[in-house]
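For reference, chains read A, B, C, D and E in written order, and residue numbers begin at 1 within each chain.
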Amino acid sequence: MSTSGSMAAQLMRKQSFLGAAREQTWLISTAFTVFVLAAWEGLAMAGVLPEYIYGPVEIAAAFVALARSGDLAAQTGPSLYRALSGFFIGSAIGVMLGLLAGVSRVFRDLFDLTQSFTHPIPKIALFPAIAVLLGFTDKSRILVIAISAFYPSYLNAMNGALGINARLLWVARNVGASKLRSFFQVVVPAAMPRALVGVRISLMISFVLMVATEVVGHSNGLGAGLMQAYRDGEYGAMYAGIVAVALCGVVANAVLQLVARGLGVGRHSGGASHG
Amino acid sequence: AGANADACAAVDLSAAPAKPVPIRYGTTGGGEEPLALLWADKAAYPNNGKFYSLEVTEFTSTDRMTAFQAGQIDAGTISFPALVTAVHVGIDARAVAALIQVNKEDNEGAFAALDSSNIRDIKDFKGKKVGYYGPNTISEYWVKSALRRAGMKPNDVSFVSLPPPAQEQALRNGQIDVAWLARQFLFKATSTGGVQTIMTPFEATGGQNQPSLLIFFSPKFIQANPQAYCAWRKDYQQALSNWSANREAAYPKLIAAKYVTPFSAKAGADGGRSEGGVIPLAELDATMKDMAAARFMPPAMVQPAAKLVMPGYSLVK
Amino acid sequence: MLQVKHVTKTFRRGKHIVNALAAVDLTVSKGEFLTILGPSGCGKTTLLHMLGGFEFPTTGSVEIEGKPIAGPGRDRGMVFQEAMLFPWRTARANVAWPLEVAGTPWRQAHARADELLAMVGLERFGNAYPGELSGGMRQRAALARTLAMEPSVLLMDEPFGALDAQTREVMQEELTRLWQTSGLTVVFITHDINEAIFLGDRVVVMGASPGRVVEDCVIELERPRSSETKADPRILAYRSHLWEVLRRESAKSAPAMAGAGQ
Amino acid sequence: MARMKAPSYALTRAPQGTLPTDRQSRIRGAQDRAAHGRVLSALLLSGPVLKALGLAAVLGAWQLYATLNGTRLTPGLEVIGASFMQMLEDGELLEHAASTLTRGFAGLAISFLVAGLLGFIAARSWVVDAALGPFVTFGYPVPKLALYPVIILLLGLGAGSRIAQVALECFFPIFVHCYAGARAVAPKMEWLARNTGAGRWRLLKDVIMPSALPFVFTGLRVAVPIMLIVMTVTEFIGDSQGLGYLIARSASYFDTASAFAVVATLGAIGFVSDRIVVKLRSRVVFWEKGASL
Amino acid sequence: MLQVKHVTKTFRRGKHIVNALAAVDLTVSKGEFLTILGPSGCGKTTLLHMLGGFEFPTTGSVEIEGKPIAGPGRDRGMVFQEAMLFPWRTARANVAWPLEVAGTPWRQAHARADELLAMVGLERFGNAYPGELSGGMRQRAALARTLAMEPSVLLMDEPFGALDAQTREVMQEELTRLWQTSGLTVVFITHDINEAIFLGDRVVVMGASPGRVVEDCVIELERPRSSETKADPRILAYRSHLWEVLRRESAKSAPAMAGAGQ
């Protein structure tokens, strides 16, 4: 997986003057990564770091140990299920409503105050209230994750739609396209590059909330596992858990990028107006 | 039959129902070894799966009462201050048995400071940062009680809320001056060295025996399922005596059930258990009085201990 | 029939207002080919947008067949001054879009799009994205897209502005042929006086400061017009007349331009 | 100045309120279509009314839920309001809110400086992009909250660890937005800037920044709530300050109403911050006006 | 002196490649006014972008004063086919920008911008944002902005395409005056043959499929040229000659268009 290249491709069309060859990019990425890891390991081996901060090698070993024990496989399933379900529900609704709000003042106004008031409320603080409704179950966790994943997608999709060149919509109206069709065939593609920035943030938030919700109530999963390890002072297992969560996030993100590229985002510059 | 008569004596435990009654139980995850034996060593407690089946869920402290109020658990573990507060605000939960008892032999944990610090007793706490488990937890009460006894005020120290495992590190890093270390953490800290015990809860409260952790049930549940409850209670008392008799034999089973880690098993004997799980009401009353005096608890919350327990079905003395 | 009745249009710019159009009256008969000339910034585009139903008059009314224009409609195809192609669609898909909207099956729509692209000389660029087309190509693709709508009124804002003389002539002939066979009504903005005369049944000249109609000139050249028509002496007469009007208009606005304070 | 036949085309001061806006004209156009019966719906669809309706719907749903459910866990608005007033009178609420806000915004500011700068640099320099790439790809899905214990161990339990946690958690959202924004420049516009010989700084200030601003503001709108959320969660432990502590304390007394009152306070704080950001955005990014279907 | 040496340019479009330019050779002397004509899509813009240093040849080289062009430079001012004004700056601030870049004090830069805006007839629109300008106004503002750079080479891509005949004449005269007084080198793309002849020292005609130079014609009309020059019979001769070349080129490319596969 190419890192910077895909990072760029996903977000926006690339238009650098100093376009670098793929190999060069790869070389720099690898070199810098290796350098940082080596420095970290060096510090760890030199004993400069406190005891509870592990070096990369130690963490890798702990990760392998956790994977061997079978705990990892058992924890990953439920965690991914929660994070991804919440993410899909939250970001899909967020993107849809956001685009609607972007092109319809009625929707925008309707959600406006509500959005700014409910967004900063720590959703995890609402968990007890939700748990009363749905129990200390996966349903509650997924709901909390979905609510949290909603906002970044919503905001970015809305702003993406707001940035559309109005004349493109004029074209659609002229052609006699129904609002539904204009929405899906003009607003959606034009706003997609920006909306995807939000979807990326939503994915990140989903994983944060996955860990946070697994700490509340009784739960299994990676978050619960790493918190348990932390409580027991087993830092190795804790770091292994963190690595596992990170890997899940990375893979999910990579899939998201592939899907985005499959949808053709990044081949054109979107419909944002520039004069 | 009166409040003092044991209602379980009248419950027939000879014939089991067709299906065991599920008891949804919320644990905290620390210091509940005798209780954990009920599922860790299931073979020894045949009533589990016959009269009742224990469905255990682990919660953080406030979540547990949320789940209880939402009707998602029937019973659970509760600290003494939480029980008082819960009953005071009208939550329908009543204590039925004691789980951890603060007494002379108790080694559930202690307040500790670094050897290198000059903190040696409660008088040295003035202006210091003291680690505790959070507001309205029993660790807060112990400090405040000791402060009162030393003629000091509650705000002579600043409290720092920390999860149990973080306390030792915070102490060693100088982020707090005094840590509350639960048994396995105290064991770990003292075996590493450089840390010394300042006072145990028993000392902090001026030698007062008191249950610090209790088991509560929903009275409605007990009334609806007396047989399941009494069968459970019998098992629990059995487990307590087994635990007291031979902890070394119990540990491997608890480890296998993942209730404790091999390391915390090494922390060894606890001793802080009340005989037969019985709740001494007089101790509760005395402790509540001390809580109010230490300005840990508003006087309005002080209530007769008998109100905190389930009449008839509780193990009380 | 299109009717512009006493239309004014004011834009608000912060605290200031811009009078883009002042009391414009104009009637376009069914099947007529009307061309509009006028100095830069005199409000031609604004007027066309109103006919399209995209903007609305500040006072006065714009009507089609006696009914006020309430919004855009498929009956009035618009070619914008900027091409406004969808950057995420290929040229072919852009042209096919109006057909898809109308419910034409995908295959058929794309086949028709290819025909239209061929008509504007872009048969080899069906697969290109707008970002890969030259300025003139984009303009032609936009024209093809509007033709795909098969509107009864064609509103064109300098559609041939970025075309070379030769391509322009071909396109002019295509447009004339189309207009003659289909009974289209066309409103066509251009800066090329010859084009205006050659194409139009009537040429309207607008003046600036503020925008209004200053000349309405019927072109009495026979149809069909061919390249021989271009040599017709009457064309020269029309030309110099319109040129005179335009010069007067620009001259009128020029000193005003220099003098008017903010 | 005032010439004899001053053309009305000239820019003149608009008499206040005499000029119908575009939208009003549009509404008028619509009214022409269906002559009456539109006044009520026009009023209902007016901005302030709609905005209030949206919020009222959410609060109403809560009140309904509270009334139907009737447990202590979901107190009604009147109970929450009473708790709120009580805490406000005690002075407790303001004191803890001040603590949360100063620390939170400090963290946000640090994050904005660092992540914004790095985002812009990475977007514009392929070397930095390549170097940071793996760290962004791997770093951003990591729940930074899981690292809080480590941060406490490093920075202690007071303000430092909280500011650091906020900065860390807000880093990636801000980075991603700034990165995307800095790449959203229309290519020809950049060509043009380079044509004028604009240096790096110029290019950044006059071309990239304005193009990126819409993204940066969205980043800010996403980051402020994240900041508040992180502050709350981290204040559950550590020194006894902040709104998070207040929530934890209320919860430990099973005082749900007070806990929700604090949560509502957080909402209000976030709301005000968000309004400020929105106002700023419409001021600064004035050329993006939005389009209607 | 600008030199285009055997330049080819291929664009890649997915799996296909587009030969935009094939073996173009061209020299522009210092102080020369060169105009370029050519059918739509023949690669004029591409060539101009290379001279500006924005795109680079696939093979061959583009040189200025004997040195290969490595990137854009302030010495070569470019007027793009689309106006490309900054939407966040007023017309005045857009024009003042190149001056600010050069370090001119703000007040001075804005004063100069006002002069330039007056020169292109936009003195009253200094405070307008690009979104509030008409198409022709935007084009003029973009021209003023490029002039503010005071480049020694002016690269113009259909700069007067959206202007009416009258304004166009004024602008042509302004440009000629400027060129004559300053010793500028100008490369000017247009679709208007008259404009090309009237303005240019030399007219180059490009052909399509693939783009290359097909005619290089020196215009031997005396300077200064005025409106009388337009009546000069030699102009007619040039006109018909260039027209013939263009017609041939378009005709040549038309069947090629139809025939060439993807």
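In this text, a contact is a pair of C-beta atoms (placed from the backbone, for glycine too) under 8 Å apart; a residue touches a chain by one contact, two chains touch by 3 or more.
A quick note: this is a predicted structure, and the numbers were derived from the prediction, not measured.
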Item to complete: Go ahead and name the chain pair joined by the largest number of contacting C-beta pairs.
Response: A-D
Discussion item. Which chain has its C-alpha centroid farthest away from the centroid of chain E?
Written reply: B
Worksheet item: From the C-alpha centre of chain B to that of chain E, how far is it in Å?
Response: 86
Worksheet item: Which integer distance in Å separates the CA centroid of chain A from that of chain B?
Response: 41
Worksheet item: So, what's the distance in Å between the C-alpha centres of chain C and chain A?
Response: 47
Worksheet item: Using mean CA coordinates as chain centres, what's the chain C-chain E distance in Å?
Response: 25
Worksheet item: Which residues belonging to chain B are in contact with no fewer than two other chains?
Response: 62, 66, 69-70, 163, 169, 173
Worksheet entry | chain D residues counted as touching two or more neighbouring chains | 10-11, 71, 73, 149, 153, 186, 189, 194, 251
Worksheet entry | Junction residues of chain E - those touching two or more other chains | 71, 82, 84, 86-87, 124, 127, 129, 131
Worksheet entry | chain A residues touching chain B - in the complex, by the definition given at the top | 50, 52, 128, 131-132, 135-136, 215-218, 230-234
Worksheet entry | Residues of chain B defined as touching chain D within the complex | 61-62, 65-66, 69-70, 82, 85-86, 89-91, 129, 134-137, 158-163, 166, 169-170, 173, 175-176
Worksheet item: How about chain D: which of its residues touch chain B in the complex?
Response: 71-73, 149, 152-153, 156-157, 236-240, 245, 248-249, 251-255
Worksheet, complete the sentence: In the complex, chain E touches chain D at residues 49, 52, 54, 71-74, 76-78, 80, 82, 84, 86-88, 97-98, 100-102, 124, 127, 129, 131, 149
Response to the item:
In the complex, chain B touches chain A at residues 26, 29, 57-60, 62-63, 66-67, 69-70, 72, 163-165, 168-169, 173, 185, 188, 261, 263-264
